[in-house]
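One chain, chain A, appears in both complexes that follow, with chain B as partner in the first and chain C in the second.
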Partner chain A sequence: MHSNGQFLKDVAGFLGSYYTGLALMNAVAAYLLWRRSKQPALALAWTVFSAAMMILAGLALSGEERLVPKLPSAVTSLVNQLSGPVLYTLGTTALLTVLFVFRRFFVKPMVAWTILNGMLLLMGLSMADANFASIVMKPDNVPIVGLVFLLAFFTWVATKQAVVNDDRIAQGLPPMEKLDDEKVLVWPDLVYTELICMVAVSAFLLVWAIFLPAPLEEPASSVKTPNPSKAPWYFLGLQEMLVYFDPWYAGVVLPSLVIFGLMAMPYLDFNKKGNGYYSIAERKFSYLTFQFGFLELWITLIILGTFLRGPNWNFFGPFEYWSPYKVEVLNNVDLPQMFWVNLLDRPLPRAPQGSGTLAQIGYILLREAPGLLLLGAYLVILPPLLAVTVFRGFFAKMGFIRYMVMSNLMLLMLSLPLKMILRWTLNLKYLVSIPEFSLNF
Partner chain B sequence: MAIGETIRNSQIWKSIFRHPMPLDRRNRIVVMLTNFFLHLHPVSIKKQGIALSFTWCMGGVTFFLFLVETVTGVLLMFYYRPTLEWAYNDILALRDVTSLGILRELHRWGAHAMVITTWLHMYRVFLTGSYKPPREFNWVIGVILLLLTLLLSFTGYLLPWDQLAIWAITVGSNMARATPFLGYEGPGQQLLTVGGIDMITDGSDARFGLLGARFVGEETLNRFYVLHCIAIPLAVALLLAIHFWRVRKDGGISGPL
Partner chain C sequence: MARAKQGAAGEGAPGEATAAPAAKPAAKPAAAAKPAAKPAGGKTGPSVTAKPAARDTASILAAARAGSKPGPVSKADAPAGVKAALSEAGRQARADAAGPRRDGPKPEAAKTGHEAPSRTAALKTAPPMPSRPPKAAKVEEETGRRGFLSLAVGSFMALGFTSLAVTGGLFSLGLARFLFPNVLAEPPSRFKVGFKEGFPAGKVETKFVAQYGVWVVNSDVGGQQQIYALKTVCTHLGCTPNWLEAEQKFKCPCHGSGFYKDGVNFEGPAPRPLERYAIKIADDGQLEVDKSKAFQEELGQWNDPSSYVPV
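Then we have the complex of A and B:
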């Protein structure tokens, strides 16, 4: 780790304006609460917060080690120690679940505003950590920080309206959107909105382009491999899946399935309700499936792959130095090994010397029988089994083909979290491992 | 005032805009029907369909970013040559020598932003259930647009020809090596032999088709340049035309029945 002193001087200007921005934002909020909503007590609270941010801005501007506000090192090292792929994945899942279950509470504007400020404050405090800042402020990573905040914001916007609509529908009223179905002329109402959007986006893009130079590293060299070597950020979820699956599945089959599954979605979702308005209660199954796939299996994996995977694709805590010398012990075992050697205490079945192709294939199948049977049961037996139990209603409504496509897509999507769990609990490397045909699963 | 009046009464002005200023109801309708750019829109629309809280204007913002990328991309093409000799140096010059030195920034950040807004647009379409009948097929077109947006970004990532570029593309395209049957390290490629000759080698597999070579080299740069500047943008433009047309034909922005 390098000296913190120079680093704090370098970021002083940025942090100072960051906290000033926070202060201004809350001053405006306080003003609106006071004048518009007539809630002086709340207005006072946010004024105090705004003043506190102004003080932090001053401290940050000093660039002095003992003044710049930051997380205590006890906290950062604890976070580093605790964090790992398991806690990260379970933690984000738990967080999303809590947000979903208690959505009525979290959509309240004051609650959401408090959380937003908490997130921004935490972000500012973390920025004073050289290791954290060096990853988050990499030019190509900045958009992902933006993505996280935008997604949080728009999920809030959508959920807020869905909660209102669900209440109205429960009372037999039409959704909010229905109240606004009087027609207006596109000129000026829509055309002007579009114009304003264009101006706003242009201004935003110009500011971004002026303040953040595009990255340009050394000229390309096919002999100097950087460590870590990362794909562009939008593919890092896929790269993260390489930890659990071979490239043919993580890099080719799964992405194709994602594309295919997205295209198939309108034809699989037979629920006629919830068309053209925000709603959760009316379409819980499709809502939860999509959110799990999008937020948990796509977005959080991208965040993990971008911010927490360092040299050799090792996991690093958010405040940890990306040392290329960090070693992680890998003692993952294949299922055939577990079954034949560890459980039955016998050598792996192997074709005798000089046997024909068929015999060899036979022995491979025997060796891989445990994994193949498990997979067969998962993909072949489970769908019909579900059709007569949990998904009975679905099966009746969807018909054979649609049901089969839906259930298989579902099971294949779940193959990722299941494989993660098997890896974490049993150190399982592959269920099926046929290097003879480059087929590992 | 008088000058404005004169201009608006001139033959030139009247030949361009075939109606008076859209100040009254009649002319606000006429403007939507006679202006090429505006006729993408309907004349009138349900209030709910233009509420920012409903559409987030995300499709519109994505389209606008696509236009920004087109314009800045054309300007960048004036300065950039996709060869091993020049690619990196031209990018350096763009930063150090060219006036209006934020062209590359606008294009790069615009591209990142477009990926994000495409996702957000898809997210809102999902959350409002707008993929349901009769809009199923427009969702499918959207998914293809999403894929093409990612490919646009991916092919563009290589062009600066720095370490970041070639290694990101190397990591990304290595996956193609493992394509079942068609990649030379993929499962089942052993089965594709004709008369004992292996059909799938590192010189004939899916990755080779993508890169035009066994590794990311000059052939790849040329291939990605053509894809990035011509092939994919044309495909996107065509699909966007269909996408917008379908929004209209499927009954405008979705809403409760």
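Then we have the complex of A and C:
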């Protein structure tokens, strides 16, 4: 880590142009508000904000330690202390829940614009922190920063459409998409659009590749693993799952189940509404299940894996230095160990020396009985229980087989967050642990 | 020769099925086929860009219909009754179309001779005429100028394909050769790491990791001081963990698995302890590690006396 003063001089140019861009963006917004929307009060507010950004740009360009705008160190150290996998997961879940519940408020353009500016400003202020900048501005990680903003934008657009449609449907009007039902031709309308997009994206990627070259590392060696060793960004969710599960489950079974579940969707979905237009109210269950699986179990895990997992796959706060010597005290215990040794105060059931294969398997099954029973209850007893309670309507509409497929897919999806919670609260490593046959769950 | 064969292959099958493909080449040279085809396909919207495709589809459809009942399609369905004549119509049309580009008499001359004149005749009069005996002069000509040309072209082709095949074969042999390298880059599976005295108690020797993938450890295991060789492969997904001296543990950078000095897993997702390699004292008194044998704790193999050297 080089000295902070030198670092600020290095990033001064970038931060200056960043704040200038922010100021220009808001100046244009203010102009449009004034001329097009005839809202002079709002236009004035955003002009003031734009001017403030210009001032910040000037301060950032100075590169002086006492002038560059940044978060107070009290805030950064507090964030570092508070952040951890538990708080991160609970926090993102809470945030997404709030966004969903109050979606009517958040889809208002002015609210969304304010939040966007707040996020960008916060990012600019954080970028003056050397540790934060070293992670966020790494060429590998820039696309994921873009992904966060793009994803937020597209989710916002879809939610806005859905809210508008839900209101219209409640009033007995057709959804927006049905009003503009004109068909266009694939050739030339679509193909030309695609061609233009292709050219634009190629040009953009070319410029990007020139200005942010891919990192060149030392030759690969089978006995030297980079620390931290990270998967490609789109697989970081999987890598995070691997922390909690055995490789065959997190690396093979769960991803296959994701694909299988997505393929099964048209056969499981009995809801005929919401076809060809955005709607949340008409398909609440499907919407929530999908968004939970996508945003919570995939995207937030990618963000966690990219920005907050450092050397030795330890968790690091956003403003924390990635020290390879950080010590995290962990001692994970398997369920049989907990049950037999800690609870019953007996040694683990173990086949006597020289016993046959069948006897050994019997002892293994006895040892793993608590975990196997728990799993069995989870996957076999829980679906019928749900069918007569929460999912009664679903069971009636879907029939036995479709309902069982749906409920088991859902329970397996939920096994990830449940296992994470068990790891954090009980330090549980595996429910079923049969290393003799490489079977762990 | 090759050209005639190609033509026969192209026309034979469609001619047998229906008159449909026969109409296609017929429509190509004669613009008269276009207006004939258009009314048949009148229902499909004739836009400017879609015109060539529509004409084709329409004419094909019309020609297909002509198989059951004759309609206004093209000249292809004029001798509709005779199957052979139908296929001939297409062939003749193609020959006509190719006419201006290539030399005139070639299509007929290139054919096997005695059938060609009768087929052109079949187009004009429906019943096929008995074939004429082949002319002696034409046969002579075939072995003459044209025969030479086809032989030359054929032999050039043959030469080309033969050399291609030979090159391809040699290339694949050369590729296969790469599967059997002269030098094996792997270090030997048995190697000496030095004398016992070089491994003081409590020490994890990491200098053999880069070359052999082995930690040599002198540690207390179950009340007995042992020297053993641990395989540097994490039992979770196969990354190479790092030995952290300050924390006295092996820590994997990929998913955070941690192992005690004796190789037993205690944190992270690794499901079982690190594996040991066979180790013994060689004849010259040095410690010798044998990587061809591995010992797994969960299978009770660490009790095997060849998995450690007592100190």
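Note that the second predicted complex is superposed on the first by the 406 of 441 C-alpha atoms of A that agree within 3 Å, B and C clash if a C-alpha of one lies under 4 Å from a C-alpha of the other, contacts with A are read in each partner's own complex, and residues count from 1 in each chain.
Going forward, a contact is a pair of C-beta atoms (placed from the backbone, for glycine too) under 8 Å apart; a residue touches a chain by one contact, two chains touch by 3 or more.
If you're wondering where the values come from, they're calculated on a predicted model, not measured in any experiment.
Student: Considering only touches as defined above, state whether A:438 meets chain B (first), chain C (second), both or neither.
Tutor: A:438 sits against chain B and chain C alike.
Student: Per the contact definition in the header, classify A:429: touching chain B only (first), chain C only (second), both, or neither.
Tutor: Only chain C is touched by A:429; chain B is not.
Student: Scan A:312 for contacts with chain B and chain C and give back first, second, both or neither.
Tutor: second
Student: In the overlaid three-chain picture, which partner chain does A:272 touch, first (chain B) or second (chain C), both, or neither?
Tutor: Only chain B is touched by A:272; chain C is not.
Student: Considering only touches as defined above, state whether A:212 meets chain B (first), chain C (second), both or neither.
Tutor: First partner only.
Student: State whether A:239 touches chain B only (first), chain C only (second), both chains, or neither.
Tutor: Both chain B and chain C are touched by A:239.
Student: Is chain A touched at more residues by chain B or by chain C?
Tutor: After superposition, B is the partner touching more of chain A.
Student: Could you say whether A:331 touches chain B, chain C, both of them, or neither, answering first, second, both or neither?
Tutor: second
Student: Looking at A:224, would you say it contacts chain B, chain C, both, or neither? Reply first, second, both or neither.
Tutor: both
Student: Quick one: is A:251 in contact with chain B, with chain C, with both, or with neither? Answer first, second, both or neither.
Tutor: Once the two structures are laid over each other on A, A:251 reaches both partners.
Student: Considering each complex separately, which residues of chain A are in contact with chain B in the first and with chain C in the second?
Tutor: In the superposed arrangement, which is not itself an observed complex, chain A uses residues 187, 221-222, 224-226, 229, 239, 246-247, 251, 436, 438, 440 for both chain B and chain C.
Student: Quick one: which bits of chain A touch chain C in the complex? Just the residue numbers, please.
Tutor: Those in contact with chain C are residues 187, 221-229, 239, 242-247, 251, 311-314, 324-325, 327, 330-332, 429-430, 433, 435-436, 438, 440.
Student: Give every residue of chain C touching chain A within the complex, in rising order.
Tutor: 49, 209-211, 213, 232, 236-237, 239-242, 244, 246-247, 251-256, 258, 266-269, 271-272, 298-299
Student: Would you pull the chain A residues touching chain B in the complex into a rising list?
Tutor: Within the complex, chain A contacts chain B at residues 140, 143, 146-147, 150-151, 154, 157-158, 161-162, 174-175, 177-191, 193-194, 197-198, 201-202, 205-206, 208-210, 212-222, 224-226, 229-232, 234-235, 238-239, 246-248, 250-253, 259, 262-263, 265-267, 269, 271-279, 283, 287, 290, 294, 434, 436-440.
Student: Considering only the defined contacts, which chain B positions touch chain A in the complex?
Tutor: 22, 25, 28-29, 31-32, 38, 41-48, 50-54, 56-57, 60-61, 64-65, 68, 88, 91-92, 95, 102, 104-106, 108-110, 112-113, 115-116, 119-120, 123-124, 126-133, 135-136, 139-140, 143, 146-147, 150, 153-154, 157, 160-168, 170-172, 174-180, 183, 185-191, 215-217, 254-257
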